[in-house]
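In what follows, subunit A forms one complex with subunit B and a second complex with subunit C.
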Partner chain A sequence: MTRRSAPLGRLALGALGIAAVIGVWEAYKAVAPDTGVVIGGTTVLPRSSDIAMPHVWDMFSRLSDPVIGTIGDTMWQTVLDAGLFTLRIAAFGWIIGVVVGFALALVMQRFTIAEAAVLPWIVLSQTVPLIAIAPLVRRWGSQITIGGFEWQSEHSVAVIAAYLAFFPVAVGVLRGLKAPDATHVDLMHTYGIGWWRTLFSLRLPASVPFLLPALRLAAASAVIGTVVAEVSIGLRGGVGRLIIEYAQSASSDPAKPWAPIFAAIAVGLVAAAFVGLLGLALKPYRRSEIPA
Partner chain B sequence: MKHNMRKWARVAAMVAAASLVLSACGGGSDSDGDSTSGDLKQVKLQLQWVPQAQFAGYYAAVAQGYYKDEGLDVQIVEGGADIVPQDVLSAGDVDYAISWVPKVLGSIEKGAKITDVAQIFERSATTQISFKDKNITSPADLNGKKVGSWGFGNEWELFAGMQKDNVGVKDVKLVQQAFDMNGFLAGDIDAAQAMTYNEYAQVLETKNPKTGKLYTPEDLNVIDWNDVGTAMLQDAIWAQTDKLKDKAYADQTTKFIKASIKGWVYARDNPEEAAKIVTAAGSQLGESHQLWMTNEVNKLIWPSTHGVGVIDEAAWKQTVDIALGTKNETGATIISKAPPASAYSNTYVEAALKELKAEGVDVDGKGYKPIDVTLKEGGK
Partner chain C sequence: MSSAVEVRAVSRTFGGRKGASVTALESVDLSVAPGEFVSLIGPSGCGKSTLLRLIADLDTPTSGELSVFGKPARQARVDQDYGIAFQQAGLLPWKTVTGNIELPLALHGVGRSERKARVSELLELIGLTDFAGHYPDQLSGGMQQRVAIARALAESPKLLLMDEPFGALDEMTRERMQNELVRICAETQAAVVFVTHSIPEAVFLSDRVVVMSPRPGRITDVIDVSLGGPAERDDSLREDEAFFRGVAKVREALHGVPVAGARGVDTR
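== the complex of A and B ==
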């Protein structure tokens, strides 16, 4: 394949993937009974009624109808706004997470004792259930006022996104910083080169193949963290809030709850594409990418 | 090496620029809640859920300027899936909260110091609905059936009603119910929990696949806990017990209740406008569903026996008795001993009602007549 056709080919593959999902969905709907497949009182295959599985075209045509009543903003405008709102908070959270994760990795690489002390806590931090900490973060945050700055619920959501996002960065970058061959590090020592210069000349470039998958994971975590936190504390404006508000329409307007789900997927794709662009910028360093 | 360094610096600069752009975007929308205006006292009210007509009176009071008339700048704090209003209130993050009495009784026993200062909803909106062919017209008929329940403190009226008819929690198959009525419509649930103002309407705005038309009230049997006698008190305004000793907060509480009641009077007299106010406040519910909810919530308040907001001693006692004596599927009760006397107070609502009556506001709504609302498919 030539350089120019490669991205086109990938796009075509992606479109094919989406078409396949739609095809499988509709095929199952056409073949399976409305009540699903029940064996011995247990449903082994899901229901395929219009309420449980709306037609794909119904989901899409719902996007062009107004959300409320017969006039006003259409569904796609509403979910697009919500998607942008969520994307912005997720990006915020991602940046905080990447900065914090990077800093932790640097400290852990520099001081072995820090690694021994901090790494277990970093791993432990990811076992705390999000729904438990989200209301707490909001409550603590609401007590913060610094000068003219007043803590808003969306800051809490960004913090929760960052809380999920820093983890893969901290772990991935730490591995990356330790990646250079011992002989290269020894060479630096022999020349009497200090830690900082070793870092910039050797360790950071060597960490790129580990950094990129970590950033990609962090982006996915930030988006998930944002949506879950939005649901949890009911932050207005984002995809998470629409998911809980539209959930109750699942019986009477079954296509409606799918709209914010599409928006969440779109946000995830944009986040992944952004990290992909970063990867292009860092191309010279991507000699051998390590899959996460 | 030098070459690499420069490249690295360029990448770093790119990331820095990107983050600057993103953070600049981030700063743009912190608009809600910083409307500090002159000599108005800032007050925060925590709701149980996102904006919907269940809270129409408070939104109407904001929109009509009733709070401002009392010198209050009220900011309504929306709820979410994991927000517990009484916890937010007892932590001191808001000044007042809306919550159900049985849910708060449990919190009070665990140490929350809050007081029911106005019982806005006089009647319960919780029902258990079933299709006519299941023949479930009383709690006794639930025996052996698949019974839906949301849990999380929404199940006590159901359990009390069953207990009254000697149906144990183990005699039915409890099914966890979701936000939607899909489980009920698909037959996974024989009798589902439904709020008159919400889930009941969700069924009525769904197309019956057999007839191609919307379901109608004639298709359904409804067990109303008000009729069974196991209703518990629902939406009430809660205040911080300790702060009520402070005269400024006590006066503010009376003013807050007064303006809130005015908002509910507005919702009673202008249900269409009230529904529109809630939609303008950001509710995503469909037009006919919103109006239905406004109308049903009005029925829970009006006509009012003692004037809206007054806590009826008998109803309070019934709620407490059920909270003490009803066991759930794990054998637990809501509370193990009677709540302290500070759990409710009519002082502030009575003061508010006195002022309202002096202003000529009809706080009893004796002649109240609900409107007719036609639900459309999907609640649109």
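== the complex of A and C ==
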């Protein structure tokens, strides 16, 4: 028995997971009545008609048909373009979020008073509903023109994605910067090196195990933030807009709304994979010392 | 020649909330000669670790004077006049054995080739040459602690400060580490201030054992044990009459009364 399964084995497990979801979907569809299960006027189990739950193969075959009618761009091309558009904005938002989160964590680690002053606001910031701040960000942004730079709606979307993404980074990195043992901190003090060099030779490397989950959370948040903000700001071109648009044809073309959902999933997977690659690059810093 | 450590009437009071304060150390005097091995022993809360931290300038005394090689403790720290080892090995998990040992050298800008030469010397000294490329999590507790000692010796300090470095090790490993420390000290000629809970450990290693008592932390007795040069300090010494006498003396000093049946050796 190996402790870590081979890459092929893990790939097979992943495929098995997807197959299981498809299996459950289709099995329910085959067994459950079209009208669902209703007890005393309350729907206990959902409807399984082709409109409510299209076959998985219909969802996929719909991808190769044109978006409307019989001519024009195919569905997969359209959602791929939208996915790339959303991914670009989400990546932009993620980067802003990571930079801001990191900066906040550094300031909070350096100055205890900053932690007391800022941390509650950081937590509070996440309780504000996105749809409430989206129009605000857009309005403020529209007043910004710096030189040749003009604020676009997609900038607002990126800012909102960053607004979600910075939170796990700030909290995770702060935790990570505080992770070194007292022994390690004492040792650096005996070496007579200052805060900055302690940061680079001790605190940053020690924060990596906390940083990676934070970056992954931030990536997921950035994607969700982008999709939701696209909807609330009304930005065309991304997955969010397509989800709203295609939902309207749910009854006439039930497989259609699933296409942008797949695109959103794909964007999320790409984002997660990117953070996974970062994790590989930072692997040496993920070792832990077994207590003596 | 100035002494390695000179402590004059040093007190350390920790201020608690609402004016309640704890006196960790009260007017302590201590002098450690160059090359001398001095153990600090006493029950928890007697301030032995506090005293060590004061010498290391990890803490500052409330009153009194403290000098290391004739300089203020702070200057001695900045000049890297001492090496230090703690109860936890405190190795950086992301660095190899080599990387950990050369850490102080790298931080102080010593060149690559010089570092390499020094590390291989130290690896030989601690007998871990074959483990140069290993990571701390691949080493046993005793090996980690040996690496920590090598790191403390990296800059060839003339003073070694050790805060219960073998406290977390099992008894067998502990005795082996003690034998090695005797040898290392003989080779490096460094003075050592060694904090421990263990009477036999203190007696086996030390030229002098400083006995401390708590509330308030102070030195109650200093016992000369000098059991001979490093050549005579091997496992047979642990069964020697002189060793048992030393243990009995330290124990009496700790308990304040003569202890009947001095032959029984408490392992801690």
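Criterion: the second predicted complex is superposed on the first by the 282 of 292 C-alpha atoms of A that agree within 3 Å, B and C clash if a C-alpha of one lies under 4 Å from a C-alpha of the other, contacts with A are read in each partner's own complex, and residues count from 1 in each chain.
One rule holds for everything that comes next: contacts are C-beta pairs under 8 Å (C-beta built on N, C-alpha and C of every residue); 3 or more make two chains touch, one makes a residue touch a chain.
Keep in mind it's a predicted model, so treat the numbers as computed, not measured.
Q: Is A:Val67 contacted by the first partner subunit B, the second partner subunit C, both or neither?
A: In the superposed model, A:Val67 contacts subunit B only, not subunit C.
Q: Is A:Asp181 in contact with subunit B, with subunit C, with both, or with neither (first, second, both, neither)?
A: second
Q: Looking at A:Pro205, would you say it contacts subunit B, subunit C, both, or neither? Reply first, second, both or neither.
A: both
Q: Let me test your reading of the model: by the given contact rule, A:Pro284 touches which partner, first (subunit B), second (subunit C), both or neither?
A: both
Q: Looking only at subunit A, is it subunit B or subunit C that touches more of its residues?
A: B
Q: Applying the document's definition of touch, where does A:His189 land relative to subunit B and subunit C: first, second, both, or neither?
A: In the superposition, A:His189 contacts subunit C only.
Q: What residues on subunit A does subunit C touch that subunit B touches too?
A: Comparing the two interfaces on subunit A, one with subunit B and one with subunit C, the shared residues are 201, 205, 284.
Q: For subunit C, which residues are in contact with subunit A within the complex?
A: 56-58, 77-78, 80, 82, 84, 86-94, 103-104, 107-108, 135-137, 141-142, 144-145, 168-169
Q: Of all residues in subunit B, which touch subunit A in the complex?
A: 1, 4-5, 7-8, 11, 14-15, 19, 22-23, 25-26, 29-30, 32-34, 49-50, 78-84, 87-88, 91, 93, 178-182, 185-186, 198-199, 202-203, 205-207, 209, 279, 282-288, 290, 377-380
Q: So in the complex, which bits of subunit A are touching subunit B?
A: 35, 47, 49-52, 67-70, 78, 85, 88-89, 91-92, 95, 131, 134-135, 138-139, 142-143, 150, 152, 154, 158, 200-201, 204-205, 230-237, 241-242, 244-253, 256, 278, 281-282, 284
Q: With touch defined as at the start, can you tell me which subunit A residues reach subunit C in the complex?
A: Touch list, subunit A to subunit C: 181, 183-184, 186-187, 189-193, 197, 201-202, 205-206, 208, 284-292.
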